[in-house]
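Worksheet: the structure to be examined is printed underneath.
Letters A, B, C and D mark the chains as written, and numbering starts fresh at 1 in each.
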Amino acid sequence: MSDDGLLQQRWVRLGASAAVVLVVLGAVGSMMFGWDLERLLTVGFVNRSLQMATPITLAAIGGLYAEKSGVFNIGLEGFMIIGAISTAGVLFALGGTTPSQGDIWIAMVAAVLVSLVLTAIFAVLLIDYQADQIVAGLAVWFIGLGFAPFVASLVWGSRNSPGLASIDNVTVPGLSEIPWIGPVVFDQSPLVLLTLVLVIASWVFLYRTRYGYWVQAAGENPKALDTAGVNVTRVRYATVLFSGAMAGFGGAVLLAHAGNFVGTGDTMVNGRGWIAIVAYLFGNYNPLGAAAAAVLFGGLDMLQVQFQTAGIDVPSRLVNLFPYVIVIVVLSVWGKTRMPSAVGESYDQEE
Amino acid sequence: MSSVSDTDESKSRLERIAGYLLDATVLERIGIAVGATAFALLIGLVIVALAGYDPFRFATQLVVGAFGSERAIARTLRFSTLFVLAGLAVAVAFRAGVFNIGVQGQFVVGGIACVMSIIWTAPYLPTGTVGGVLLIGIGVVNAIVFGGLYGALPGALKAYAGANEIITTIMLNFIAIGVVGWLVNGPFRGEEATSVRTEQLPDYVAFPQVVFSDPNFSVVGFGIAVLSVIGVAFVLTRTRYGYDMVTSGYQATAARFSGVDSKQTIVATMTLSGMIAGLTGAVFAIMIQGSYTDPAGIGNYGFDGIAVSLLAANNPIGVVPAGILFGGLESAGSHIQIRSDVPVQLINGIIGLVVLFVAVPELFRMIGARMGLGGDDR
Amino acid sequence: MSRQTQSEGDSDARPATPNSAGTVDRRTFLASTAAVGAVGLAGCADDEEGAEYNAAIISSPAGFDDNAFNDNARDGLREAAEEYDLDINDVEETEEAEYESVQAELAEQDLYDVIVMVGQQHYDPLVNNSETYPDQNWMLINDHVEGAANVSGWIEMNHEMSFLAGVAAGTLTTESIEHEGSSTNPDESVVGFVGGEDIDLINAFETSYIEGVEWVNDDAEVLTGYGGSFSDTSAANDVAASQIDDGADIVWHAASAAGGGAFSAAQSNDRFALGVDVDQSITEDQYADVILGSAVKALNEATYDVVTAAMDGDWGGVSGERNLSIEQGGIDFITGQEFEGSLPAALDENLEDAKDAFIAGEIELTCGPTGC
Amino acid sequence: MSTDNSTAVRLDGITKRFGDVVANDDVTFTLEEGTIHALLGENGSGKTTLMSVLYGLYQPTDGTIVVDGEEQSFASPRDAMAAGVGMIHQHFQLIEPMTVLQNVVLGHEPTKNGLVDEEAAREEITQISDRYGFDVARHLDTPVRDLDVGVQQRIEIVKSLYRGADVLILDEPTAVLTPQEVDALMEVMDDLRADGHSLIFITHKLDEALSAADQITVLRDGEAVGSVDSAETDERGLARMMVGREVLFDRLEREGEPGDPVLTASDLRVSGDRGVEQVADVDLTVREGEIFGIAGVQGNGQTELIEAITGLRSIDDGTIEFGGRDATEMSRRERIESGIAYVPEDRQKEGLVQEYDLVRNALLGNQTIEPFVDGALVDWPFVADHAESIVEEYDVQPPTTTSEASSLSGGNQQKFIVGREIERDPDLMVASHPTRGVDIGAIEFIHNRLIELRDRGVATLLVSSKLEEVRKLADRVAVMYEGEFVDIVDPGGVTEEEFGLLMTGHGVDEEVDPGPDLGIEDEEVTE
């Protein structure tokens, strides 16, 4: 599978360049400015980077499946908001301000279901009624930004929920004592671990199962898939539903880590859905690549926090823009991300 | 040209315009726009009712809030001015087949360029009306230039480096807001300012108050928007540059065949779009803000412009009614915020629904066909 | 270094404290307003006629529901509504550009006994509107309008509040405190500060906090960071967690609604945190086990006083420039619900010293209430 | 070979309408088992539509489909395939970034433990590939986009066979192939027939139908004109059936002599879209009052050559001189302005903006030329008048300029384009497949206009895959093969047979090397 080969080359390049940049930064920083690298690169930093990357990764995988099949779901941000508010609402309904750990899981499942239902409507408009994908996606964002705080106001009388509960880490006694690996792997949020499993599963699904073949074919040459006897519309429905569910799950994970819903400003999702789109483009539509990109962005973001903590003076507002700049540079200098050929085109079986 | 043939020509032009207006596709677009808005409002009212508020009162307040009083009308026109301009910026790009999602960023860059250029040059110019007019001119030109450059950037990246403009413009929005926010908080922060903003524009830098005495609205601003619409419509329909752009938008291969340099056209289109977005920023800064604040807290006019443009089927003339409709919705939202307990986020949600339905013309064609409203299945 | 040894005080020119009753126990007051906040929406009737008195409140750009600034101001009105036949119209306007017309539209209704405006962003528009509507009573929070008798301008001495938070953090980090699994590390003096957006206002909080820490504890290290948002809880959480990783045992936040993230970081890392503006061990009670205390300002008392004065026809008593300061009893540090009586005595001693030093004018801070 | 008389497919009274357009009108067609049946007709005669009905892509408006004696109603290709009908489309239905293996098994993937069982697939494909001597097995892990067209076509066939097709429909399979590949394909078709498969071979080339098929059915304007045994007919007879009357194969005699060179291209090298060299070292000169024809099988570099000359494609090497000026670096726009008119190969995508009315289409290409524009302003009344005159002069139906281009038939679209380009008053007219898919009446009209143009002294470069067209119109003909001009000949002095040799890359006097794979019967020249 040379498509993989290409992608692998890309990650290698991506990973290598990221590593080179970090090493050079570290070397220059520690020599010239006396940075204390031990203070910057901590276990907590790794954990926070992973937690930051988790919701982004989930939404990114959903988005890349949809786009692979030919539907650009630009509404990931909106679905994440919907996922977060649904989780918070159900969590509150189940256990008030003191829900149990079990309630969190139920609430997340419920949030995925809510996202699925709303995505189904979205999918009908997109696929059956050939909605403009960009605009409809933006609309989902607007709807999320409007209705999620509205619902919060109705439920809690405030756009912010009271503190509910956040999910506990899964700690393996003994193993969690291993330096570095222990606290990262054996004392970790179950959602981070679950995401890891989902990333691998979605990679296998995409490149090693028949359904994965169909997803790829639907986005590249829907007619070919149709003539191969597979219903393109059904494939696209499946991926769009999946993308909404995954983005909703991403929002749920964000909430389960944070512990309460914030609906002021751009809401607690705060652009993560957009970063998710960037992540899968950056990862060239490969689930592993998307996850790697999400971790890279998460890491950059958290590195910036580490800089602040270590007292290295950086204008954080400018540094926060770093991922966006990187995306532009990568898109224009590094090479064009090849979109699936049929993205954005609706497919009409009768023609 | 003799006056006889002149009147003949204008007459035939009038007939042609009338022909366009009565064109089935135009009527259909209007139908779709009205349908989408009505449908979204209907859903909004149902939600209002479900949430335990009085939907009839809400509906009344929507209308009263948009057009019920002189103040409401002024407020509606104030929002409409920005929506029309932002919508126009989007429409120009979409018409030419370029997806400029970055109007918000270009709007912000234009706005800060306008304010800072006025503040920096004001000491060297006379005060009073003369200085005011000069400074407004300087500010507007700078806004247009910087907005245009900020639009040209993703255009050039698309044309010469193949970078998808949807992604780059979204990124450039974040960057514009971040950088300008940093500037306003730091280097550009006004010395006397207690809150986060630049220095105030001099008092004499303001649009004159005509008809309405709203401190944040001037008919001049709305006039600028309408003139821009006319100007853009003229460029697109009457000049060869417009023909090149629109042809690229409809059918890039045919444009290439006809000698249009597609790369230059992309850059030109994005520049023009950015220029209009920059102008929007200038009008916002001069007419409404009188200084520049952290753009993170400024309304999403650029994104709303996308909705406006789509509602207008990317037709520059259609942007005017679409902009007024959105202005009315926004204005009603403001009114409802002040006069009732319905959370204002609902209005944002309803706008989202309008956008969603506008994106689905097929749905309304189908509904139209079902209801027998000229449902010629096209 | 801002520790002043010399008195520069002008304590004789002290105006009356806003809370003229003076005997209201601050804790019960704050606790009651929190309760009001929870039921407030239900009590806020839709009909405009009927009520004897009316008040309007316009939010700052951050909007209501920040569990701090805006909500604090609104709580005072709600408290008054418990006692008077008062209708409150809360107008959330997050766009600065709209303030001028929103103010005008409210004033034009000629209905409100007072219009409360939260945030200094209202200043510029109010300069015009207070003149255009001379019969309207206005209350401006965080600034005042020179020479406008119809404006009651309140400046919150945020820097003083931040200083007190710093004193508390600097004191407690050297003490050994343990509670429900959380503990301090008395061997090292490291504390944290988590800001929302990296803006002037919050920079002033940061600087004053650092000055407070250093005032009591010269050796202390203050780790600071910004999440970049007032609504992104996880960002605040990340910043706090990073600081805790790096040795901080107590973090204070000035991140509005996002500040919950700082508490959550303290909770999951078995450290402590300090609240801001109100007693956050009540408003964020799921974190009460890690909130040692909160630096508070009696903004709710101020709005309560102003609105009652307006209703009682005693506007003259509140108009002009007003301060919420330590000196006037408007700023304080209060112990968290679960730590009442269990914190070391050094805390109270140092706080009292600091307050006395402020009143005596011995402390001069680098930053003002809204910026440096 | 058609000894077995059982019927593989029978289409009975098939009618297919799209709105008001009747694509197939009461067509009856029978495919005997183990035979090759050619479906012959001009472009637009309804061949592909009929086969799409058989393949389940379209549902017939009327009529019945019988496969293997059972009446079928195919809702989708999946149903057709289940009944053993496979189709190899003109535009390959392949997923370019996916590998050959993935493409072949798409929709019918063998699975093991939920994953695609690549080993099983590999084995089965290799088996099929070996059986018919396809050279596909070694490409199994290569993405399709990296392979030649010929290989891609074989993959399409393997795909159908893998899916168990007994009946194979090949839609104009030779259009994209080199002569060698055509020969190889014919052999494959023979092998398939020998193996008991039944084949339907869609083509508009008479000789191919005659040489490959056992039976030939001719379609014209959506109707089946008749079916004949290939042994019992010849090209002339088939041509009569196709077009309804004797086709003129005669050359028109010209008056006057060509003048000075207008266009000179030297050592031209041009790459295609994928960076592969498509034009290799071509020299050509077109003179005033001359039609210079380029013949050859499609895909031998003609498109790239034309695009290089008209300024739509940059060249790798060489020079272009036009009207005595160096035009190598001229942009497309400058070339238009200096007098190069171009009737493009793809009229729908390039020649017209489909959603524009004819007035706005009349400006296409003229948008910098006075008096169409005055400075930056478009003189729309002038453009409208101009459009009006084109419609009138060139007999465009319906004769209104306000209708959208997309509403016009192919012939009328083409007449409008030809009119617009001629009215540009060019020094050089480049016409690429100017009569492709155009009705007979329009063909003659366009031919006459081109000859008029020649007689006015305009230099014309004509590319066509229709040999008779080039022979009829051109003064000199270059035959293009694999990016090069094999020879430049006087069309009057070369027989069709000799042209055939040239188009396969052989010189006229050269001994024909049949090649190792070719059986003698494939080399039989009909006529």
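Keep in mind that, in the parts below, contacts are C-beta pairs under 8 Å (C-beta built on N, C-alpha and C of every residue); 3 or more make two chains touch, one makes a residue touch a chain.
Every value quoted in this text rests on a predicted model; they were computed, and no experiment measured them.
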item	value
A-C compared against A-D, more contacting pairs	A-C
Inter-centroid spacing, chain C versus chain A (mean Cα positions, whole Å)	36
Centre distance in Å when chain C and chain D are each reduced to the mean of their C-alpha atoms	78
Computed distance of Cα centres, chain D from chain B, in Å	47
Chain D residues counted as touching two or more neighbouring chains	none
Multi-chain contact sites of chain B, meaning residues that touch two or more partners	185
Interface hub residues of chain C, defined as touching at least two other chains	197-198
Listing of all chain pairs that touch each other, if any do	A-B, A-C, A-D, B-C, B-D
In the complex with chain C, residue positions of chain A that touch it	39, 42-45, 48, 51-52, 97-98, 153, 157-160, 162-166, 169, 254, 257-260, 262-268, 270, 301-302, 305-306, 308-311, 315-317, 320
Chain D - residues contacting chain B, complex	311-312, 331-333, 335-337, 342, 344, 346, 349-356, 360, 363-368, 373, 376-378, 380-381, 402
Chain D partner contacts - residues on chain A that touch it in the complex	1-3, 204, 208-210, 213-214, 216-217, 220-221, 223-231, 341, 349-350
Touching residues (chain side chain C, partner chain A) in the complex	38, 40-42, 62-67, 71, 192, 197-198, 223-226, 228-235, 237-239, 241-246, 257-258, 260-261, 263-264, 268, 284-287
Touch list for chain C against partner chain B, complex	44, 46, 48, 61, 89, 91-98, 100-102, 104-106, 108, 119-121, 123-124, 128, 142-143, 197-201, 370-371
